[in-house]
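Dumping the structure here so I can ask a few things about it.
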Amino acid sequence: MKQMHMRILSNQQVSDRYWHMVVDAAGLDAEVMPGQFFNIRCSGETYPLLRRPFSIYRINRNERTLEFLYLVKGLGTKRLTERKAGETVDIFGPLGRSFELQDGWKTVLLVARGVGIATLTALAQDAAEKGIRAAAILSARSRNDLLAAETLQGFGAHVYKVTEENGNSDVESVHRLIEQILAEHKIDAAFTCGSKRLSRLLRDVTASRGIPAQIALEEHMGCAMGVCFACVCDVREGEALKTVRVCKEGPVFPLEKVVLA
Amino acid sequence: MTIKQELDLTVNIGSLTLRNPIMPASGAFGEDMEQVIDFEQLGAVVPKSITKEPRKGNATPRVCETVGGMINSIGIQSKGIVYYLEHIVPYYRRYNTPLISSISADSIEEFVEMSEIIASREEVAALELNISCPNLKGNGLAFGMDPEITYRLLQAVRQVTDKPLIAKLTPNVTSIQEIAIAADEGGADSLNVANTILAMAIDVHTRKPKIGNGMGGLSGPAVKPIIVRMIYQVRQVSALPIIGCGGVMNGEDAIEMILAGASAVQVGTASFIQPTAMLDILEEIKQYMRTYGIANIKSLVGQVSATK
Amino acid sequence: MTIKQELDLTVNIGSLTLRNPIMPASGAFGEDMEQVIDFEQLGAVVPKSITKEPRKGNATPRVCETVGGMINSIGIQSKGIVYYLEHIVPYYRRYNTPLISSISADSIEEFVEMSEIIASREEVAALELNISCPNLKGNGLAFGMDPEITYRLLQAVRQVTDKPLIAKLTPNVTSIQEIAIAADEGGADSLNVANTILAMAIDVHTRKPKIGNGMGGLSGPAVKPIIVRMIYQVRQVSALPIIGCGGVMNGEDAIEMILAGASAVQVGTASFIQPTAMLDILEEIKQYMRTYGIANIKSLVGQVSATK
Amino acid sequence: MKQMHMRILSNQQVSDRYWHMVVDAAGLDAEVMPGQFFNIRCSGETYPLLRRPFSIYRINRNERTLEFLYLVKGLGTKRLTERKAGETVDIFGPLGRSFELQDGWKTVLLVARGVGIATLTALAQDAAEKGIRAAAILSARSRNDLLAAETLQGFGAHVYKVTEENGNSDVESVHRLIEQILAEHKIDAAFTCGSKRLSRLLRDVTASRGIPAQIALEEHMGCAMGVCFACVCDVREGEALKTVRVCKEGPVFPLEKVVLA
């Protein structure tokens, strides 16, 4: 983890609520892995005061650029939209533990909702590079929010879109979809991000079949470097519960271990 | 033009001499920060307050943002004193920087018991008694809200160790002076002014408190003027070295606290925003000293004029 | 989509019914503002605290800025009660908006004397007793720091008038609940939570306090989380209507205070930045009510969930 | 007084420490007079929180524009420099009492220091329009800060420049200069802004000769509309002292009445 001022190469609105930012990461010496995140200073003001955490959306090792896909939620992300290409952005990272893709896995299932799509896109990219196929269920409020679908398809992922708009994003529908995918493909591992409901569903489905699954969690952060204990969640250790830091021990955890409140 | 000169940044906290006045605020510092700053350059290291037994801490979200500040309610998540002595204390042995152990307890007896054990470790240079954490008891009550209890607590801990005792005061009081005098008379060697200010924020859309615990402690630049006032007030009634804490974001903020009466300054929230904040602040202090031809930081302590 | 409906914005402060919950904070309002806002649209008007004798006030600068806030030390510059009765009170007769007179005094006897005279004027709808101004006495002391004095003060003033009495509490206390109970038992009809927080800022270049008086009162968005906490705490121990005051900049801030337990909200600093702030806030409150289908603002008072 | 969002026509650095801003005042219905000021929101942030007061530097009634000349002092003025042409700026005013030029005056003396030069420039403009000649002593740290000199000359003012740089800005030198001007011209009235030392000097010189003089004061402000009593100064009323508001009863006062602490 390192604090850097990276040049913004582009920062553009890509749909009603989503923006996409590309930064020049030439100065970054550390390897960045899918599931990891950066803590970004959205403005130089005292309000918003804290940095905001964003997962890596795409890692372009050749171009040495990093991409973020973000939802405009409150003041911090609003300020981030005001940053222009050519300016620098104050970025701290890479932070946290990444997803793990094991040797020998051939097909993985991704179940993402909302901004979780950004997080799993980096994983799809990594999977593609490792020759692993991905089936991805992308869930969102509206079709408009499913902008990463094409990027994922570009990585060869088989994409299933579900939205409130289309009335097929309820848990039951997604359950049927997952069952269908599991029936058609041998899924070696599953990954999820962005929805507690879908995470519980995926946990139940994968647990009963013994499919390993990983989840990337979000929690409000103070330091994002493991010292303040703001960002905790509970994980099972045998019979006991252990309170661990999302920014340090996470944000990626084995799905069966996390307590999905 | 300023002349290059040797700057004396050393400050004294009781019998302890620090190489410079900048140290972390408890709860905003830990071993993981070794990756971003060189601990050898700090005046002291202050790990998160430790409790006797392991504690789970409070419900999430544990932090939220307000204008110029943040509210936290971690609830002193702690691995307990056994872990602390086995892992945390030995870890800091590798640095040639005094280790100040922050202690949090639920009773005077527990403060005494923990202080005796921790102070007996030679790696520990001083104790900071967190008598002010607003999260531990219902409704934000804390030992440091009562002068009588503060006095007795300090007196009791004083019996079991000769190491410097820093009383970390709570700002949530009518008279910080009264509490400062109590801690001073009880036997404190230094006063930390101060912990966080009890606060609350409500999400108007969900109608729920923004942090899991309902209330929490406010820190960050928003509170600095309140803390500067308290440092100034405490300085008027006690000769003990003061450690200023609350809202320091840059070198000028640190100098402001020193002028108000602080001998040293702790940095918390700023490190979340700027991981290298403590070292940046140190550089800015040096720059200030050079600009104004100040050779010795101690000469600035309490040097604010009485009025404009 | 939101449905157009009649919104009931009326609130009660003791026997007084206000057309809406928004009114100015004393010291941040005066006749000169008639040029920028329509006083008929306010819930009440609250001129600057009046003292018995004319007062010169404090040395300049009387205000300075801090992160998200400002410190003021006006020192209750006042033309005295005679001028007030002859000019200020009659001025507000032209508006159909209740006049709340803020009174500042140096002793209980003086509070009683002034209250009796001012309350006897039919134009005056209610009295706000400023028992909290941190500038009047040395070191920021105020009547409202002591529950016993607060109780006696309210009880004494209660003898001389039946008009609604609002006790404006000081936030510079260990337990705002204790003071709130004292004011309630003493006979207050409403509690204003709260006045400014005692603070200080130092110019590191001149080494002088940034305001002439050294210390002053902090207001503005920086203090809002502290005030919201206090409103929430006071609501737990008293059934009196609360007037929230401190850092309200927009409609959501006002709603936040109402959810915490306030029946009405005062706006001070915000008017300096946005002269029309009070009316803007009123519009934003209406918008919030429409969005969430709330017909009656009273139904929101204290409606924050106990925990997240 | 009215709050308006005025379009910025230009906002440019004109010397090391000074900037010049022109705004479109077409929406302004009130008459603006020299010595009056506007309270400007330098940024939309919560820090700087308060507005900042700036005198009118030039009033262009035909173009319906207003000009400000400002010194970059702290955070507020720094933020003002970041505002760009085309954006709007939140302006409140016009505020306060203006200078008064009496019928029949033929020649006036202006003594300005630092940002006070901005304030007196508007007066020079007004004087010129009324056919009144002006002799202006402009004092500053460096020649670089005397940028308004040409503008004043453009209004036909006879300009005398004194600076620390040139070693002729001390009170004695300025005193000699004033005496010289008084010897050469019949001065009907004098005006000053920007320096306590020079104001005291001008007060003594004009009082002994019975020349009427006016001063524009500066004081830290809260509301700038007369309600908060932050901005006070003391003025003499016969034997007594009266505490008045700079934003309301001022910023222009008869020089002999103000107490120059």
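Note that the chains are named A, B, C and D in the order they appear, and that numbering of residues resets to 1 at the start of each chain.
Keep in mind that, in the parts below, contacts are C-beta pairs under 8 Å (C-beta built on N, C-alpha and C of every residue); 3 or more make two chains touch, one makes a residue touch a chain.
Small disclaimer: the values here were computed from a predicted structure and weren't measured.
Graph distance from chain A to chain D, where chains that touch are one step apart, equals 1.
When each chain is reduced to the average of its Cα atoms, A sits farthest from chain C. Each chain gets one centre point, the mean of its Cα atoms, and the points for chain A and chain B are 36 Å apart.
Distance between chain centres (mean CA atoms), chain B to chain D: 47 Å. With centres taken as mean Cα positions, chain C sits 33 Å from chain B. Residue numbers of chain D whose C-beta contacts span two or more other chains: 46-47. The multi-chain contact residues of chain C, meaning those touching 2 or more other chains, are 61, 67-69, 221. Against chain C, the residues of chain D that register as touching in their complex are 1-3, 41, 46-51, 92, 219-233, 243, 248.
Chain A meets chain D in the complex at residues 45-47.
Contact residues on chain B toward chain D in their complex (touch as defined above): 67-68, 221. Residues of chain B that touch chain C in their complex: 59, 61, 66-69, 71, 139, 145, 172-175, 197-202, 204, 206-215, 218, 221-226, 228-229, 232-233, 247, 252, 255-256, 259-260, 288, 303-308. For chain C in complex with chain D, the residues that touch the partner chain are 27-33, 35-36, 48, 56-57, 60-65, 67-70, 72, 74, 77, 220-221, 249, 269, 271-276.
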